[in-house]
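Each structure below is given as structure tokens.
In what comes next, subunit A is part of two complexes: it sits with subunit B in the first one and with subunit C in the second one.
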Partner chain A sequence: MKNFSLLSVRAGTLFFSPAAALVGAFVIVPFFWVIFVSFTNRTLLGKTALNPEFVGFDNYVALFNMETFFTRGQFGFSLILTIQFVLLSALIGQALLGMILAWLLQSTPKYVKLFSESAVIVAWILPEVVIGFAWFAFLDYDNGTLNMLTTALGLEPGDWLLDNPFWVIVFFNTWRGAAFSMMLFNSAFASLPPSYFQAADVAGATSFQKFKDIALPLIKGHVVTDLILITMWTFNVFTPFLLTQGGPSYRTELLSIYTYRVAFKDFEFGKGAAVGVVIMLINLAFALFYLRIAKQKHKGAE
Partner chain B sequence: MSKLRSYALGLAAATALAGPAMATDVTITCRCVEGGVNSAAAVWLKTSVIPGFETMMKATGKDVKVIFKEFAGKDEQLTQQLALDFSTGAGADVSSFDGFLIPNFVDAGLLKPLEEVAGAEVNQWEGWSHISDGSKELMSYGGKAYGIALGTDSRMIFVRKDIFAQAGIDADTWQPTSWKDVLDAARTIKKAMPKSAPLQLNAGVSMGEATTMQGYWMAILGTGEGMLDENGKWIVSSQGILDTLNLYKTIYVDEKLGDKRAQLLGDGRNRTFANFRDGKTAMLVEGDWFYRSVTKPGAEFEVKDRDVNMTWKKMPAQEPGKGFRGQDFVTMSGGTGFVINPNSKAPKESWALLSYMNSKEQLDAFQAINPRVRIRDDVWIPNSDFLTETSQTLLPLTTARPNNAYYNKVSVAVQRMTEAVVSGEQTPEQAMAQYKSDVTAIVGEENTVSK
Partner chain C sequence: MASISFQNVTKSFGDFNAVSNASFEINDGEFICLLGPSGCGKTTSLRMIAGLETPTSGRIYIGDKDVTGLHPRDRKISMVFQDYALYPHMNISQNISYPLKVRGENEATRGERAQEVADVLKIGHLLDRLPAQISGGQQQRTSLARALVNPSQVYLFDEPLSNLDAKLRLEARGFLHHLQHSMGMTSVYVTHDQAEAMALATRVAVMDQGRIVQFATPMEIYRKPATTFVANFVGNPPMNLLPVEAMVEDNSLKVKADGLEVVALPMHKSFAEAVAINPNITLGVRPEHLRATAEEENVVRGKLFANENMGAEKLVTIERPDAARFTARIFTDDDIILSEDVALGFSSQHISLFDADGNRLALDNE
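This part shows the complex of A and B:
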């Protein structure tokens, strides 16, 4: 069967080539370059900057060296920390909070809905640097808003960024990203036929029963999409750096921050590239999983 | 139509010609901001160096325009910026630079000797004959000069006399001769003022080189050791390191004599300055920059009535005579200055600017704004007790960092080691074991030694 085509092959190639050249120069070439660099001991400073040597899999072996793997400030520690961060702040925090907000907003008066939606979305659309600074000011030990509140209530002021840095970034990321899940679930709920709920009302179902037995099964596809997307985003997020710089003592050094430190603060390009390749593989697994789910959904729809 | 076009072309050509067609731009940057960090240097460059230089160049028939970029970040951020700039052919033509980084940059091809960048005229500069070999070394590597230092410095304990008086110690007669003397004074003050953090010795990663220079070195030298032994091998495990880490532990963990938060948080160094200004800290180990610039009248961390309330003391060795080279007291010196970007498009003009900055006339002008010990022997030395005393008593005792390409990385390992102890995460023994494996990975086992 001959495919229908909008343009001739030549014209199509012509229109495609600028984009292909850009993608080639800025995505494909760096992609292979990073893989190549990860097999060398190239640095920015010192002798190995001018004369990098080919070291084979040394960088990868060093990353997965089990003697230091779990030490703070090493790859394994950051990997486990990132997984915890994703579980707590994305899956439990953002998705659950977004779901609860979206469900509650279904049955609230219009102005409450509008106000809550705006407030949550503002947290999502503000520039990262502004957000980082605002949270820093909020959590400051000496003059922070949070400690003013706690001391006004007669409690001891907390040294949040120093004593509980991990929980700070978990809360921060939940607060920051809940809007996306909320909006996605909101529109999913809105697409459900009201008659289902009216029938349930007649039968005397509670709100939780309606949620569990009607709404949730019907938006299952949306939930899976949401979970995969926010997992990928949270896995790669860098914004917590603005709050803690990965510290104190590497306690909030997520993989993205770890990569930044190795490559652009310690200037170890070879090792940094190896970390980048590993992260890329993890992301690739996520993406393939996502594409497969999306395909299945598509088939189901047909 | 064609007439109109020719008018337009003519106009464009006239505009182009009217502009300074022959002007050369020279960019200079330093970690200095008027009204902020190193304000005096910014003021000096703006009011004295740049106008004077542009006038001088004009007199020789060259139209040179100097563009000044004030960098407000931390030292480590400037290093990061310069490394990335120099490696990509970007960056200012003339830049402030900390001398200890030179070996690392040179090995990576990111800096070139001055004579290679700007030509043989570098060696004919009149200033060299007024700069001692030791001072040239501050910005040299392998016998070649890569820049010119603005001056050298030294480190000591700065003391708040008023806080000492409140705790019943007379700071004028107090001169500690051992670590115990320092700790005892801190304990007395802590007893009198339980909320204070009387003694601050820098530690931790976020302060960067300030941790190594003002903290670790000042302590390790007091144990009689350096970072390298006499054969040039890195000491990775020793009683001296352990004693130093135990000193940190005593200060920050066991007796809480210092403000641990200031060592762990991102903006820590400014917190130590603020603590000293506010009288929360009575003893702070810092460089003379702290006196010359940080606490001077009008600065952000100005100490009120400084001449009455603030003094300085030599840093004692662990015990008398136990210090480096058998000394009773120890101090460290480094040098910061300016280098020329090896990718500069105007190397001759950049050298002209660098040498002009370091002319007697310009350094004399700088002395009027912010006096310090200069490396040129013909520059006027201001009549200041602080400068006279520190240069006479401390410079003979001083030690410089190893001029070694690994130093920068080992220094970071030192910062991590101190942070692990100060935060209470590791015991001194564990931290030293970690340091040993870190340094071994950096320099190779054959270049390390355990004592």
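This part shows the complex of A and C:
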């Protein structure tokens, strides 16, 4: 078949070049630059700032130094913390909550559905700085809304950010991101013919049986897509920094925050770049896995 | 099996009354067709029996039990859907036995029952396939098998044959008729196809704009349509309808119109009353009761419009001076030669009369 194109090659190149220049300058060049820097001991200050030396795999070896690997504030601790964070806030929190919400909303009256969806989506579309501050104000020990509520109910006020910082960011990220999963599952459920569920109703199925036997198997592809996407997003998320700055004492220092600290607070560019490269490799693995699943789905559909 | 009873059932969607104050009884073992054009409320009525819709007012009984507010699963019903509603990720056996699965039957029993029912419906060799791997007719049978696998009090059909092509539809229709006849199951069947309703039903409920216009046996509906709507909806081609003027003369009723010779009918009490109120009534004649004639009385005249050969019969259509058309169904093996002007004759015992509001005027022999 002949390919019809909207533009001539020359015009196409012309339109393409500004975007290509920007992507080149801010994505592709830094990509290789980071890989290069990760093999040096470049810093912001001192003589290595001017004349960084090539140190081979020293930065990587330091990251994976088993003696300090699991110590707080080290790479391994952040990596494990991030994995826990992804499991709890993305896979269990966002996906499960989104799924439950989406399923419950299938059979609720229209206005309840509209109200709940709006509430969940607002949490998703508000700017990060705004909700970061809002949560900070909500959880404050002395004047926070949450402690006012608990004391009004006659309970002890809690210093949430100090005592349970990890659970705070898990809860925060679940609240923040459940909307995406909910919307995705909602539209997936809506794409199923209503007669599937009516036939099940007549057959005598309970709501849970309809979910387990019919809805879930039929939206399996959507679930896999959702899980991979939110895993990648949560793995790279930086917003909890607005709540805890990675603290107290590194207890909420996710990988993204760890990288930020090493590179831009401790100014060890070389080491920071090495962490960046490792994160990039992990993301690459996710992306390849995702593409592979997407391809299989595509094949299955044919 | 059980009877079904509708008592003053109304279903509104906002301002729109899908079903208005419907009351009827369906006896145990009957095959009822709800017949009407789209939007007449037939599917809504069926869905209220199933419990997929709740009436705005009125009560519905299955057997002696008031099921008005009950969940579908508590009604002991089975239903076949227009789109079959087969689950694409389950094979045919799993699809058929799903009603048993949700009621906690073990796997061996489910497999056995699915095999039994599938064998009856001649799809026993397809049990391992997925719905996408079998034909439309086989899918239809699968959805029928799923309805039959669990003994129910009432079987509901929502236009189950409308997705099949013409030949398969006839075959499936005959099969369904045979099945219902041999099992004697109480069935309610929704269709917009009058031929399907005539062929299958023990009684037909013709619906129009949320109301049941006529509820009678197929033959009665065909021979004595209660309104011009029924007359026009049932039969293919439908009953010929002609606005006429009526008058009472010499103790008999005479009707006339342009191009229509006077028709004289024995007088009847209901005629006199109706004609006294409004002499503009409607005359109806079934196409098969018309024949080419040279007589002078009881004839409709017009110009030949079309002469279609259907094989067993011929459809001769004439156009009258007022542009209304009259179609005759003439059963003959001979080629009929018609001139430009055609006179179609009928006998006065084969006509229907409707008053100005479209309601049937009873004839003497009724």
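The definition used in the following text is that the second predicted complex is superposed on the first by the 281 of 302 C-alpha atoms of A that agree within 3 Å, B and C clash if a C-alpha of one lies under 4 Å from a C-alpha of the other, contacts with A are read in each partner's own complex, and residues count from 1 in each chain.
Rule of thumb we're sticking to: contacts are C-beta pairs under 8 Å (C-beta built on N, C-alpha and C of every residue); 3 or more make two chains touch, one makes a residue touch a chain.
All figures in this text were calculated on a predicted structure; none of them were measured in a lab.
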item	value
Contacts of A:57 with subunit B and subunit C, given as first, second, both or neither	neither
Partner chain in contact with A:195 - subunit B first, subunit C second, else both or neither	second
Subunit B versus subunit C as contact partner of A:265, first or second or both or neither	first
Of subunit C and subunit B, partner touching more subunit A residues	B
Contacts of A:214 with subunit B and subunit C, given as first, second, both or neither	second
Subunit A-facing residues of subunit B, complex	76, 80, 83-84, 87, 104-105, 107-110, 205-206, 261, 264-266, 405-406, 408-409, 412, 416, 419-420, 423, 425, 434, 437
Of subunit A, residues touching subunit B in the complex	43-47, 49-50, 68, 71-73, 141, 159, 161-162, 244-245, 247-249, 264-267
Partner subunit A, residues of subunit C touching it in the complex	50-52, 71-73, 77-79, 81-83, 85, 87-89, 98-99, 101-103, 146, 150, 156
Subunit C partner contacts - residues on subunit A that touch it in the complex	193, 195-196, 198-206, 209, 213-214, 217-218
